[in-house]
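All chains are identified by letter, namely A, B, C and D, in their written order; residue positions are counted from 1 within each chain.
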Amino acid sequence: MSRKYVMEFERPLIELEEQLVALRRIDLSDNPDLMIEVSALASEIDRLRIETYGHLTPWERVQVARHPDRPKVQDYLAAIFSDVIELHGDRLYGDDAAIVAALATLDGRRMVVLGHRKGSNTKENIKRNFGSPHPEGFRKAMRAMRLADKFGLPIVSFMDTKGAHPGIDAEERGQAWAIAESLALLSELHVPIVTVGIGEGGSGGALAIGMGDRLIMLENSYYSVISPEACASILYKDSARAADVAEPLKMTAGDLLDLGVSDETIPEPLGGAHQDPEAVFSAVSERISSAVGSLVVIDDDELVERRYKRHRAIGVFEEGA
Amino acid sequence: MPIADWFKARDERRYTSIGGGSAQTDVPEGVWSKCDACKRTIYEGELVAANRVCPHCGHHFPLTAMQRIDLMADEGTFVEFDAGLTSVDPLQFCAVKPYADSLDAAQDKTGLNEAIITGRATIGGHDVVIAAMDFRFIGASMGSAVGEKVTRTLEAARAEKRAAVIVTASGGARMQEGILSLMQMAKTSSAVARLGSAGLPYISVLTDPTMGGVTASFAVLADVVFAEPAARIGFAGPLIIEQTIRQKLPRGFQSAESMLQHGMLDGVVPRDELASRVSLVLDYLALASQSGDAS
Amino acid sequence: MPIADWFKARDERRYTSIGGGSAQTDVPEGVWSKCDACKRTIYEGELVAANRVCPHCGHHFPLTAMQRIDLMADEGTFVEFDAGLTSVDPLQFCAVKPYADSLDAAQDKTGLNEAIITGRATIGGHDVVIAAMDFRFIGASMGSAVGEKVTRTLEAARAEKRAAVIVTASGGARMQEGILSLMQMAKTSSAVARLGSAGLPYISVLTDPTMGGVTASFAVLADVVFAEPAARIGFAGPLIIEQTIRQKLPRGFQSAESMLQHGMLDGVVPRDELASRVSLVLDYLALASQSGDAS
Amino acid sequence: MSRKYVMEFERPLIELEEQLVALRRIDLSDNPDLMIEVSALASEIDRLRIETYGHLTPWERVQVARHPDRPKVQDYLAAIFSDVIELHGDRLYGDDAAIVAALATLDGRRMVVLGHRKGSNTKENIKRNFGSPHPEGFRKAMRAMRLADKFGLPIVSFMDTKGAHPGIDAEERGQAWAIAESLALLSELHVPIVTVGIGEGGSGGALAIGMGDRLIMLENSYYSVISPEACASILYKDSARAADVAEPLKMTAGDLLDLGVSDETIPEPLGGAHQDPEAVFSAVSERISSAVGSLVVIDDDELVERRYKRHRAIGVFEEGA
């Protein structure tokens, strides 16, 4: 059995858990003292589990958001949607595997699903560039957005990216242009747009398909103007100090709710969504249905107006003399 | 100044670096400047007369926001919007140093309240709203105040049926305002889209450097996009790209000239032609949109 | 058939080539076919049952226009439009042989009046107009008649608020009608644009081969574009490209799979899934456009 | 002095002209017989000039249309337009030098000019791919079309291309898609579109910026569904037999007028537009002004409707039983 992925902060807990497993393999029926010790260890582990996972720091949440076993857009598509037809290509240059666009059905409601698509394993991650889109990915998403708009299909967008790909070809094919145009387009669509932050929400590359009428964040997903590593690299000239900036950047689901940027937080199982994906699927499905349901009844123009006001209102500043 | 006087006065001069370059060579402040590109010295008066373009090599020195507006707007027509609108520190951000201190320092250094100046003016007689960014102010990064001022400016254009002209220079989003600054991309892009739906023209001029969230929002959404020669324009910074791809970047990468070749700009326009070029584009777009001649 | 009988009957069979391949290998006509791709023989009944897809290698044999419609439309729902609409010879074109003779020969060979069959039907219960091209008819090239039938079909979709489904196969424009056939690109593209403005869905299925002026007009303007596996899809023909660039074309160039990778298609769909896939897309687009559920 | 470009069919004439020039260099004052011969030669040349250029065959017109000295879009821009601002780039991939898009002014009227742009010399031709666009060229044109539409600027399009570039990269970036989308877009623009065939009009690559409300053809320009070489290559397996298909393809300005595809023909100076460019500029300028002037007064929607009907009506067929 391959060793499971261990996040740094959960290592002490995992090690104790492994010791407990080892101890329980031994027949202790003639050693009551040791049995008591094992029992104490089990209690200690229970306590430590709560301590470890019960109050995650922002940096720990970032690690949970990046956990390789964390459910990804393809898992949501498989688990909660039916009649899925993936749409491909930007009709211009390529079919970016880091973005998924699909016709999909949730609770009988036809919609367009967008998402950053990370791979489920290393090989797939290389193909999908670890979920970091090139311009053609955003342009594929834009094509799907226009299709949704034309045919009155609500859009549900799953945000999960470290960010738009920083590369020579991406810059030369207009990464900034693709993101900007996607934002302008999203602002004018006459259909509801619900975004779910399911993992990483890295900067403009996340926003480019994440701007909409409702933002729902999983408890351990993050959404930030800059990755904590890049921020630490700028401020401390040391990307290893990411943990130090994760808190001040206010990038957790809780921060976003406090700041009025997100609308709701979906709690995760103790330790993260990967500990009980089924529970997460069910909650996400229910919250999307509810959000879309509350938006489809709004008149088109009113919807666009509200979306404008929603983003118009974000920002804190002072009116001087 | 006669050459003998110059030598005599030399020791009395203070020397400082101009233009934000990394070379810490001494240059006489106020009287002589040294060009970052060709390293030659230029008499300050000559530099001012040339709109701060090096007469030796054509290097475009940075301009302040007010210099930008002076360059573009018809003389005496500029009326500022929201001069008192300033950033606060919504996240109580503190890493290395408090954001509040950075704001104070930037305000002291520049005499500005924020990294952008916005207002009403005419350009070649055309009614416009105009905005110009000032890189000295925390790298003209976009936080809530910049986003708000850009948005109000675009909204004013829509309300008053004016064209919009924005001169950008920015390191990107202002990370000290976290997600709030990211959301300014959505806010300003929405405002551009609305202006466009109203059929009003928007021209942007990208100057060195225009990067990150400013490029990826209002800067490139204009109907016509110009850039100054050699301006660095892109989304990701070159250091991040080099770290990611683990190779050196090609010469001229992310330069205005390269972005033009890659189809991203309408033109690279030397500074001394900028105002007349923008004015001429407005002749096409603003007149047409007002007279409805063809439609 | 018992194997002994098969040997006994062998000499009585006539052999012919199937599928338009260049390999002039002998294949029993009517009873046995030989696959162009894997060269294996297939019992005709098996081929028919598999919608003319090779059971050995998955190669998709060409279908006639009527076979296409049978494959896509709900049984018994198809009603043809303009069955009598035929090409004339507007330019009195004669080079090598008269166009009029080519038309006669094509009509004799296929029993069709033109290279496309159009009409009304349902697909998965959705009201559609449907058109399918027949490559046997002068390479299903688009002249005035094809252009007119496509346009009428798209106009009927608009008038009757139906979705449009078109299955293409074409060598391109019909050069024997000169500029008139080029103009069918403008005509059919205009009709697609109008259908789109009316908010009605259009799905196209590109089959082997779809080239030239058909690709560069109505074929690729659909809301959702599918292709059959290994279908050759492009604008310029491979020979012209090889002559121009003086190098061999890469393997798989202009294949459906390559065009999918290059972002030009929504999917490559095996023939036996086509009808259900199109029907499911119509569930999304046609229902939404009719009920206005979300808006 | 470099030798001037000679078209095959004018070679006998040019050779006689050169002989005449040579003879006239000789002092013939003491040789009256020879003087008479020279005079006869001059008359013969005049006759031959009319014979050579007066009734060009379709294939000869194709050669005139391709003459390297023939005025090109940049010559028209320089000669008859003012306040020219070239627009660059498709905002997607590149800036195709084979297509020009510009804001330009004719007789005080602001408009958008499009054109296939051949080079004025070999070096420029290589840069401009001999006027054969890649998809990014058509997409640049589309950007200019949308700009024209948004700001109510009429479009004048100069057609001069052998055709869209047939190449691997062009195919892979969606040559057919770019052309088709350009046609669909042109069909819906709410501004007048006047096209002038100034040289070659090769197939879909010409049509992609050539579809509009009025088609004006220079006398020796051609417009064809297929190049005569490619047609001959298909029919005769011999592209050298292009001359044999130029006539049946009905590709000359006269043919197009007869077929109702073009609206008017602008006569050229004897021998072709390159013999007297100024006269051609003046005629073209006048005809564009007149055409645009007659279109700008038409209501937007009516204009689109008429454009639809214009193309709708093209085609000859029979209604059977």
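Methods note: contacts are C-beta pairs under 8 Å (C-beta built on N, C-alpha and C of every residue); 3 or more make two chains touch, one makes a residue touch a chain.
Predicted, not measured: the structure shown is a model, and the values here were computed from it.
Among the remaining chains, those touching chain B as well as chain C are A, D.
Chain pairs C-D and B-D differ in how many C-beta pairs are in contact, and the one with more is C-D.
Among the other chains, B has the CA centre that is most remote from the centre of chain C. Mean C-alpha positions place chain A and chain D at a centre distance of 55 Å. In this assembly, the C-alpha centroid of chain C lies 34 Å from the C-alpha centroid of chain D. Spacing of chain A relative to chain C, judged by their CA centroids, is 43 angstrom. Chain contacts: chain C has residues 196, 220, 262-264 touching two or more partner chains. Within chain D, residues 91-93, 173-174, 177, 181 each touch two or more of the remaining chains. Taken pairwise by the contact criterion, the protein chains fit none of the simple patterns, being neither a path, a ring, a star nor fully connected.
Screening every pair of chains for touch gives A-B, A-C, A-D, B-D, C-D.
Within the complex, the chain A residues that touch chain B are 164-168, 170-177, 179-181, 183-188, 203-204, 207-208, 211, 223-226, 230-232, 234-236, 244-245, 248-251, 255-256, 259, 261, 307-308, 311-312, 314-321. Partner chain D is touched in their complex by these residues of chain C: 82-88, 90-96, 113, 143-145, 147-148, 151, 173-175, 177-187, 189-194, 196-197, 212-213, 215-221, 233-237, 240-241, 244-245, 249-250, 253-254, 258, 262-264. Across the interface of their complex, chain A is touched by residues 91-93, 135, 139, 173-174, 177, 181 of chain D. Of all residues in chain B, those touching chain D in their complex are 196, 199, 201, 220, 223-224, 260-267, 277, 280-281, 283-285, 287-289, 292-295. Only residues 83, 85-95, 103, 109-110, 136, 140, 147, 150-154, 190-192, 296, 300 of chain D touch chain B when the two sit together in their complex.
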